[in-house]
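Here come two complexes built around subunit A, the first alongside subunit B, the second alongside subunit C.
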Partner chain A sequence: MRSGGNGRRSVAIALASTVVFFVAAGVAITHAPGWPEVRSQFFDWHEFKATFPEVARAFLLNIKIFCIAEVFILAFALFLAVLRSLPGPVFFPLRALAIVYADLFRGMPTILVIAMLGFGAPALGLSYIPKSVTFWGIVSLVLIYSAYVSEVYRAGIDSIHPSQEAAARSLGLSRGQTLRRVILPQAVRRVIPPLLNDFIGLQKDTALVGTLGAIEAFQQSQIDTNATFNFTAYLSAAVLFVAATIPLARFTDWLVARDRRRRQAGGVA
Partner chain B sequence: MRKKLLLLAGGVAALAAAGALATVDRAAATTAASCPTVSPGELTIGTDNPAYPPWYAGGTHGSKWKINDPSTGKGYESAVAYAVASKLGYSKSKVKWVYVPFNKAFAPGPKSFDFDINQISYTPARAKVVSFSVSYYDVNQAIVVNKGTKIASVRSIKGLRSYKLGAQLGTTSYQFIKSRIRPSQSPAVYNQNAAAVLALKSKQIDGLVVDLPTAFYVTAVQVPNGKILGQFENTGGKATDRFGVVLQKGNALTGCVNKAIGTLRKNGTLKKLQRLWLAKATGAPILK
Partner chain C sequence: MRNALAVERLTKSFGKHTVLEGVDLAVGEHEVVALIGASGSGKSTLLRCINLLEPVDSGRIFLAGEEITAARDVNRVRKRIGIVFQSFNLFPHMTVLRNVTLAPRDVLGLSRAEAEARATELLKRFGLAEKRLDYPDRLSGGQQQRVAIVRALAMEPELMLFDEVTSALDPELVGEVLQVIRELAQRGMTMVLATHEMSFARDIANRVCFLDGGRIVEEGPPEQMFSTPREPRTQQFLERIVAAKRL
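Moving on to the complex of A and B:
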């Protein structure tokens, strides 16, 4: 613990440097020759008020996409991670498949997968698959984010000491029981912060579904921008995305802190 | 029909050429000072890439332009652009085309073009940000559907309300759907023409609302199984939908371009060019 005087001094320095930085940046921006134009086209209060309700309504679609995708990602990624952790030569094809999958979907830009599936799949003309762009947007996000999240799970599974498995097996648990009752509960708890981090990314990437024609917040803000040639609607969308991200970020911080407290207290992780 | 068209084309070209020759020298002396351009001695015109028919025609000749190269002088907008250029005193070789994505046409900051001609509809809100020229084309919206689908038998605006409609981002077609058709399902909005067309083909949307000349191109080339269900009357007065070229806000060139377009309208050049390039885009039933 730092002494009180020292702490106050640091706070003062931090405060001063913050003020200096933002004042300098503010002055540099507002004195730029194009600032009046930028201000009226990006920060128009009247335009903000006019576009915000509509963009906020469209943002409900982002939330819907996010919530549905998240459920499927959690389940599918865990399945992939388990596949990849299967031991022994018999399971090599499944392991290989999981690796190829992770390489493929982590390597492809999200917007490309969304465009290919969203435009391509309905164009097949099969009557038994949905045509909804929201559906295909969600499918694409699930495919991509599952690749990332499965790696997070795998890191968690790998971080569990082999002695845990050995102990469980020696108690007479089967391989499946060991995985379900001993390894995964510990592994998942450890990776919750990085998982949530991925979900913050997912929250933002829901905006890409707009490229398929679905009217989510970003697409709505583009519509408004194109109608009036004023970019302030983007600000409305940005505010909403940030507002949705902050609670998730603080929740992640809180979980990390709680986890650290518990481990330092010597409790069971 | 085609022969007639060709004859007409020849006639118009000859007329235009003669007109151009007569006016170029006289105009050149007077316009340079009062009508400044971004690169002196040249007229820089912007449009989007790909350049779609019937606004642009004549192919690409291996240039960076897709579908059509605007510098061919063919297609309605290309022809109008060169006619305006000639009125301003720029011969064909002094006209330079630059690629301007739609968003870039109105982004703040100095513009890379003197004017942008890209089927941009005038609206009062847009005119606060950029300068619009007077109309070089008064446009009607139209709806394209797939033949043999349920929507294909609709005969009124009211009848369209229950269907899933789509439009392209940045067009007044979207505004038209929202304010005039008022469908029960929220319309889809596509960032590119290609995406909108694919959505119609794969029946993700029942109908695509575009301007009438584009509708003819869509049904003739892009969606072979498509048909123009009908066009919507330009309501006149304030709601009139019209294309203008876009210039930097307050650009002194605006007045010169307006004068040029005014002359082209008065002497019948615009009409002739419309007959030449947009002739097909008139005969579609009107939906009320």
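Moving on to the complex of A and C:
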């Protein structure tokens, strides 16, 4: 147990070392030979004020992409994880398929998948598939992130002790009922923090859809930059991305801390 | 007397390790059979095989005369046999009431009202009525195990299996769980219990079976088994129990 005095002392030390660090870093940067140039190129206040509203409007598309992709990722990844947890030799092909899928889409750079689908699919010229690059960007993100998220789900499923399944099956519940009522509700609860972590990554990767030409925040800031030869518009986009991810990051921290408190409180499984 | 349960020449091995080597056991209706023996003698595996939680290698299992050894529909068999485990295995994300009503609703197709009425009555009978809306981690080990018994009873099984249900409990909590089992015996429930509680086995069982090395080495009425065991291995086992002051 920390006493009050000790606590105040720790805060003071943390505060002092933080101030020293940032002052030193600030001095080093502002005394760099190229600083005046960088400052006018990246930190132009007027440019910031001029570009921010436009970039913020474009950022709404990032939020839209994120929200749509997230819903499909949560569902599709769960489906993949369940496929992979099916027992017995009968289900081997399905398990193998799920493993190949995860290997493939975790191995490929996101930007590559986005480029291939975003440029490739519309080029097929099929009238019955959408031509919108945003659509294909979302599809790519769903494909990639489902591979990651299915692994997270699977870790959660694996973490549930087999005795839970035995208890459920012994009551006469079918395999499906056991999964739905007993295994998944516990598994999902356990993996919420790592799931949110992946979604922080997804929030940022929505910017990659811009490479297809969709006018989202990054693409908009690039347009502004090209028009004025000033990079401050990037700063506008950066501020927006950070502002959007911080609440999610803090929420994740809070959940992790709560989970740890619960387990340390001596919960019996 | 018709057999509620019959097991014939049951064998089961895990890899190279043989756990059951031809077990024969018949349990009459309303009979209480206690399985005793050292850890690893096959008591738990036998119970798990009866409930089809473990597939057997050979031998046959009959429930009320009907062979269930390789039953197509295991769920139909399991809803007739209740099992309670050493480690309770309550569902931690559900309240006590939900733990008890889950299978009656999902497996037996009872309405919510019917299932809750049945659960509430059982919980009341075993002194757990006030706990019905609590989560399992708020309960003592003894209370959790009693809920686990109630959860199995809510399926109205014709046979109950108890797998060392007091082994994970603090000594002062053992009594309340044994009391529940005693009440079930008085009401005529057919039961097979694997137990380390020798005095309880002597009190409650109609018949005691001593398992060693995957076989039932000796069986008989409790008075005879505990006072004049015939087999040397039974004698040795009971001597060790007495030496450990557990009998």
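The working rule: the second predicted complex is superposed on the first by the 259 of 269 C-alpha atoms of A that agree within 3 Å, B and C clash if a C-alpha of one lies under 4 Å from a C-alpha of the other, contacts with A are read in each partner's own complex, and residues count from 1 in each chain.
The working rule: a contact is a pair of C-beta atoms (placed from the backbone, for glycine too) under 8 Å apart; a residue touches a chain by one contact, two chains touch by 3 or more.
Only a predicted model underlies this, so the values are computations on that prediction, with no experimental measurement involved.
Look at A:F119: by the touch rule set out above, it reaches subunit B but stays clear of subunit C. By the touch criterion defined above, A:A166 reaches subunit C but does not reach subunit B. When both complexes are overlaid on chain A, the residue A:N6 reaches neither subunit B nor subunit C. When the shared chain is aligned, subunit B comes close enough to touch A:A214, but subunit C does not. Common to the subunit B and subunit C contact sets on subunit A is no residue at all. The residues of subunit C lying in touch with subunit A in their complex are 48, 51, 53, 74-76, 78-79, 81-83, 85, 87, 89-93, 102-103, 106-107, 136-137, 141, 144, 148, 151-152, 155.
Residues of subunit A that touch subunit B in their complex: 34, 37-38, 41-42, 119, 122-125, 131-133, 211-215, 219, 222-223, 225-231. Contacts from subunit A toward subunit C in the complex involve residues 163-164, 166-174, 177, 181-182, 185-186, 189, 267-269. Those residues of subunit B that touch subunit A in the shared complex are 102-103, 106-109, 123, 125-126, 128-130, 166, 169-170, 174-175, 186-191, 195-196, 198-199, 201-205.
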